[in-house]
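Working notes for the structure below.
Labels run A, B, C, D, E and F following the written order; every chain starts at residue 1.
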Amino acid sequence: MPYVNIKITDEGVTDAQKQQLIRGTTKLLVDTLNKNPETTFVIIEEVNLNNWGIGYHSVKERRK
Amino acid sequence: MPYVNIKITDEGVTDAQKQQLIRGTTKLLVDTLNKNPETTFVIIEEVNLNNWGIGYHSVKERRK
Amino acid sequence: MPYVNIKITDEGVTDAQKQQLIRGTTKLLVDTLNKNPETTFVIIEEVNLNNWGIGYHSVKERRK
Amino acid sequence: MPYVNIKITDEGVTDAQKQQLIRGTTKLLVDTLNKNPETTFVIIEEVNLNNWGIGYHSVKERRK
Amino acid sequence: MPYVNIKITDEGVTDAQKQQLIRGTTKLLVDTLNKNPETTFVIIEEVNLNNWGIGYHSVKERRK
Amino acid sequence: MPYVNIKITDEGVTDAQKQQLIRGTTKLLVDTLNKNPETTFVIIEEVNLNNWGIGYHSVKERRK
């Protein structure tokens, strides 16, 4: 019954890439801890560049 | 002072339903643990079907 | 497939009370949104009184 | 390596205010615990007024 | 700068298994989205069996 | 009604330091967004060094 929450910056992640993250994370939990994939949740959250800070600044600011 | 975070798939949940989730959760905390409703937070997050995975696939994929 | 995270202060919550929170929250999701209980997760986190702040102070401090 | 998640109601928070939250939180972690700002994450989440409940009602309802 | 939070039931996960989860998740983010591993956080939370509910019951209850 | 969750590594953070984090975060929300401190939650979570990964390794491993 694992629950995985992945937060990434919101910059054009495709549905195929999301699918890859879901598949890979689930497989990792199955392979490492023998978890049941049917009760393994993976939730992806895409965060606006203005809302993610690192090193005192938003990612938006840092990229300027 | 409980904090409750409810994540559900984003598929047309109405404001009335959200209100029902907020009222029901708060009442449960008050009835079970005698918590103060005025400092009981309930935050509902609606997650895109492409961003929620279960059983190796996104909900979007599974419904195809 | 809802996911619910309940954070409460750590002060002697019994297993019976936890069970009541789990049952009540799951029933609420089933009744309100017709969710499947077999893929409804409820995770309870108990937080130390020194680690929960409200109104500028930890709960521990406020109770002194 | 701290990780900070700030949830606030979604009501016109400006990028300058977000920047202020990021800078202030990071500085607090550096000053209090001597953390490295380059591995200090601050993630701001803005929550719809219908999705945030307190005192049995959504913030939207309470403001009516 | 991804942030990944993995919640699993607390039942004797070894440090080697945790290391495997950290390595695998980080590699997945690098391979799929070209993220920088030096700013990829993976946080594992182990949840008591009485505190994790599914299908109306705690995992502890279900295993009886 | 802000909610702030601070995750840090578990390495002897004192109650005085926790109190400083709570006070500083609350003040920041009050000063920046004019929030009510009485409904501002700050929750600090201390994470075991084996459970926090960065750069492919747990913090525990990296410090060896």
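Annotations
We take it that contacts are C-beta pairs under 8 Å (C-beta built on N, C-alpha and C of every residue); 3 or more make two chains touch, one makes a residue touch a chain.
Keep in mind the model is a prediction, meaning the values are calculated, not measured.
Chains that touch both chain C and chain E: A, F. Overlaying the C-alpha trace of chain E on that of chain F calls for a turn of 120°, given as a multiple of 5. Chain centres here are C-alpha means, and the one lying farthest from chain A is C. In terms of residue-numbered contacts, C-E and E-F present the same interface, as over half of their contact pairs agree; the other options in E-F, D-F or B-F do not. For the pair chain A and chain D, the distance between mean C-alpha positions equals 20 Å. Computed centre separation for the pair chain A/chain C is 24 angstrom, with centres defined by C-alpha atoms.
Shared interface positions of chain C, i.e. residues touching 2 or more other chains, are given as 1, 3, 7, 21, 25, 39, 41, 43, 52, 54. All chain pairs in contact, by the document's touch criterion: A-B, A-C, A-D, A-E, B-C, B-D, B-F, C-E, C-F, D-E, D-F, E-F. Considering their complex, residues 1-9, 13, 17, 20-21, 24-25, 28-29, 32-33, 35, 39, 52, 54, 59 of chain E touch chain A.
Within the complex, the chain D residues that touch chain A are 15, 18-19, 21-23, 25-27, 37-46.
The residues of chain B lying in touch with chain F in their complex are 1, 3, 39, 41, 43.
Listed in rising order, the residues of chain A touching chain D in the complex are 7, 47, 50-58, 60-61.
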